[in-house]
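Both complexes shown next keep chain A, but they swap its partner, so chain B is in the first and chain C is in the second.
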Partner chain A sequence: MHIASYGRLLGILVALVALTGVTVAASYVDLGAFNVWVALAIASTKASLVLIFFMHIGVEGRLVVLSFLGTIFFLSIMIGFTFWDVAFRG
Partner chain B sequence: MRRAADHQGTRLGMWLFLYTEIVLFGGLFVLYAVYLSTYSSDFIEGGKSLSRLFGAANTLILLISSFAVAASITAVQKTQKKRSLLCLAVAICCGLLFLMNKYFEWGHKIHADIYPGSETLAYGAPGRNIFFGLYYVMTGLHGLHIVIGMTLLSVALVLTARERVTAENHVLLENVGLYWHLVDLIWIFIFPLFYLVL
Partner chain C sequence: MEKVPSFFDTPSPPRYSGVLSWLITTDHKRIGLMYLWVILFWFVVAMFLGGVMRLELMFRGETLMGPSSYNALFTLHGVIMIFLFIIPGIPAIFGNFFLPIQIGTDDVFFPRLNLFSWYLYVAGGGLALATLFIGGPPDTGWTFYVPFSVGTHSNVSTAVFAAFVLGMASMMTGINFVTTIHRMRHEKMGWFQMPLFTWSLYATSWVQILATPVVSITLLLIIAERFLGVGLFDPAKGGDPILYQHLFWMYSHPAVYIMILPGMGVISEILPVFARKPIFGYKAIVFSSLAIAIAGSLVWAHHMYTSGMSDTAVFVFSLLTFIVAIPSAIKVFSWVATLYKGSVLMTPPLFFALCFIYLFSVGGLTGLVLGAAGTDIHVHDTHFVVAHFHFTMFGGTGFAFFAALHHWWPKMFGRMYHFKRAYWAAVFITFGFLLHYVPMFVIGLQGMPRRYYDYVAEFETGNFVAGFGAAFMLVGLVLMLGNLMVSLRQGAVAASDPWGGTTLEWTIPSPPPLHNFIKEPEVLDYPYDFTQVLKTRRDDVEVS
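Right, the complex of A and B next:
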């Protein structure tokens, strides 16, 4: 059985709180259109930490990891194709 | 005859359900992305009128609650029942705090005549109307998930107290935890997109 130690969980919490601080700080710097991408990159990092260390996505083996990535893949198709349409409307 | 327990299958079922939740919120994020690119200035203005302090506080509250749920699973595995119950109680209290903040936030906005169908929004800029429409739908749907999550955490708390959730069989607690973490994950994306758009 996989048991996560309290220390490691606490470490992840500290990292998540620190990244929240970073994303708030980054929002005060004007990067134009890049602000959204920076925010998304930090949010994805935080999401990965939660998935790996709090949700133990890897414990189940490849099945859950691959099916999760599949979900994200189809989500990106949904987003990508929508923009493909919207961007080229006359 | 002992019933065969398929914990792995039970957890897999939960993950499959979580995928549908991801796509549910994903659709709303697509709407957000398309309208952000169409009405950037209205979205930026709308985002600035939301309280960063409340948004950041709620982010911290959810992160702490996620940690508490993860720690409660560790505690159950180490047969530390009291600590596990304490962690679950902390997580439920965090959910309650989150909803209280949301109540004040929404109340403040509704008081300022900003809610779906209000005159300020209906006769104002279309982008502003869409921003706050999405704000209410997404934070509202997320809030509903918090309520459901708190209910599930309470069930897990009672079952842990009655020793129905044990070190040998705690798949129920694990699945409740997965749900709660997903609610946290969604907020991790809602927070920067709504509160921090420059």
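Right, the complex of A and C next:
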């Protein structure tokens, strides 16, 4: 059973490739410590797209969607918070 | 209540009998009991290891063992107590047994995965035990800090792999519980009709799912460092030893909440039952569980104030640490308020629960001394820290575990235990606990470092007194476990609801039948409604 059209899946694939390009491009811009947060934000968005569309979490109830997106958000927070240390070492 | 065969008499799958019917069972109750016996075995082993350490510390100089044996002993004591007792204790035993019953269903969502988790847990324990005999027991402490864990010649790799396997077991249990609560809750049970023990398991399971993979990968990285020398944590090769500490505590601090949240759930079940009163602040307790799970996952670096990380990180993590105190305090206030003007019925589970509140509060408040960077620097790595985490982990989770044992024992085995012996055991354990750990606060403040087998003369009195505390505790623990074991043969037959509880496990026979419910469970609008109990049995304990 196709619960998502091929057109939509193709659109998501294009978005993922485009976001990969954005990640590479952003790495050439010197934002200081914020480079990490930008990369994490893009990566989190990509992971969310994969979960919602490719892994069909999007057709579940709102609570399940929120739970899984929460895990991605949390992972990015965990990685991001280590930069309170790494980015500020003397 | 209608007499039906219990799960002891009806194996699942049905064609097997004897030991095999247990070893291949998919019944959540049998798996819960299998966890109970193995976890109790490890608890007793680690308890005696702790006793031997304390005996060594009672007198100055080398009495029972030298430094390397002592190092191995405290490592094993820590690894076993943390990974094999406290983390799985309440969720794996009581969660497995009671979560499906409390939400009105017949099993967990993945019964085979549940059994597989048990096997992983046993395998992990076996590996931890194997380190004693293969290549010398590990001497790093349960934290496996680099660079020592990479350079030491003791058998760190096996111990680390054991922790990895145990982490897998924990994660699978977490996945099973979250899925079960989402998918198998009784159709009439909304989120805010769930008992608080189940809520605490829900919050805990999310932490298990999210945080455990981090430490699992980190532990494998230690093995990679040891065998391949990849240099991730070795500064000489461009690595960062502090990165290891970040990765380790990213799991291991949330793990503290994996340990304590189910314990808090147990207390939230016990207090309303014996106060004959609805729990104060049901929703506040639910949200504080979730808040603890979330905020507790963001404070890991408060273990690292003296590690050399940036001052900004010290400031941020100190601030975050103080935020966790808020939901913890909400719970304590709610418990005390539940007792206020209640119709209190004193029983052994309530006695343990009251001891929990006191000991956990002391543990929490001394945690603030360590959460504040200024004071932490003075007491870091001293016996003050040892006393603090034993107050939270043993005085907290340990006492909640004992409370849960006494609360649900009649339901699990259909037998009542001897009350007087249980009270005496609780008094011995609590008195011994205080005599053991309070002197540690004092000698810790005086500067006695942790993890040393010997000390200077000024710490002599504190260590000597603490030894007697340990002896009292051991006597109490042996009495408590003995009393429970004896009850299996000699105890009076328990009624289906000996205490006057209102959650669903008290509506079914003791011990429960294979599929838990013999008729459709009646879900209350509010899980702690004692109107009926107060009318019929205000202050009695019912035996069959």
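To be clear about the criterion, the second predicted complex is superposed on the first by the 62 of 90 C-alpha atoms of A that agree within 3 Å, B and C clash if a C-alpha of one lies under 4 Å from a C-alpha of the other, contacts with A are read in each partner's own complex, and residues count from 1 in each chain.
The rule is short, and it goes like this: a residue touches a chain if its C-beta (ideal position, glycine included) is under 8 Å from a C-beta of that chain, and two chains touch if they have at least 3 such contacts.
From a predicted model like this one, the values you see are computed outputs, not experimental measurements.
Novice: Examine A:Thr20 and indicate which partner it touches, taking first as chain B and second as chain C; both and neither are also allowed.
Specialist: first
Novice: Touching A:Ala41, do we find chain B (first), chain C (second), both, or neither?
Specialist: Touch partners of A:Ala41: none, neither chain B nor chain C.
Novice: With both complexes superposed on chain A, which partner does A:Phe74 reach: first (chain B), second (chain C), both or neither?
Specialist: both
Novice: After the superposition on A, what does A:Val64 contact: first (chain B), second (chain C), both or neither?
Specialist: Once the two structures are laid over each other on A, A:Val64 reaches both partners.
Novice: For the three-chain arrangement built by superposition, which of chain B and chain C touches the greater number of chain A residues?
Specialist: Touching more of chain A: B.
Novice: Have a look at where A:Ala4 lands relative to chain B and chain C in the superposition and call it first, second, both or neither.
Specialist: first
Novice: Could you tell me if A:Arg89 is touching chain B, chain C, both of them or neither one (first, second, both, neither)?
Specialist: In the superposed model, A:Arg89 contacts chain C only, not chain B.
Novice: Residues of chain A that sit at the chain B interface in one complex and at the chain C interface in the other, please.
Specialist: Dual-contact residues (chain A): 63-64, 67, 71, 74-75, 78, 82, 86.
Novice: Can you list the residues on chain B that touch chain A in the complex?
Specialist: Residue list for chain B touching chain A: 8, 11-12, 15-16, 19, 22-23, 26-27, 29-30, 33-34, 36-38, 52, 56, 59-60, 63-64, 66-67, 69-71, 73-74, 77-78, 177-178, 181, 184-185, 188-189, 191-193, 196-198.
Novice: In their complex, what parts of chain A are in touch with chain B?
Specialist: Contact set of chain A toward chain B: 1, 3-6, 9-10, 12-13, 16-17, 20, 23-24, 27, 30-31, 35-36, 39-40, 42-43, 46-47, 50-51, 53-55, 60, 63-64, 67-68, 71-72, 74-75, 78-79, 82-83, 86.
Novice: Where on chain C is chain A touching in the complex?
Specialist: Those in contact with chain A are residues 178, 182, 206, 209-210, 214, 242-243, 246, 250, 297-298, 301, 309-313, 316-317.
Novice: Under the stated contact criterion, what part of chain A meets chain C in this complex?
Specialist: The contact residues of chain A facing chain C are 63-64, 67, 71, 74-75, 77-78, 81-82, 84-90.
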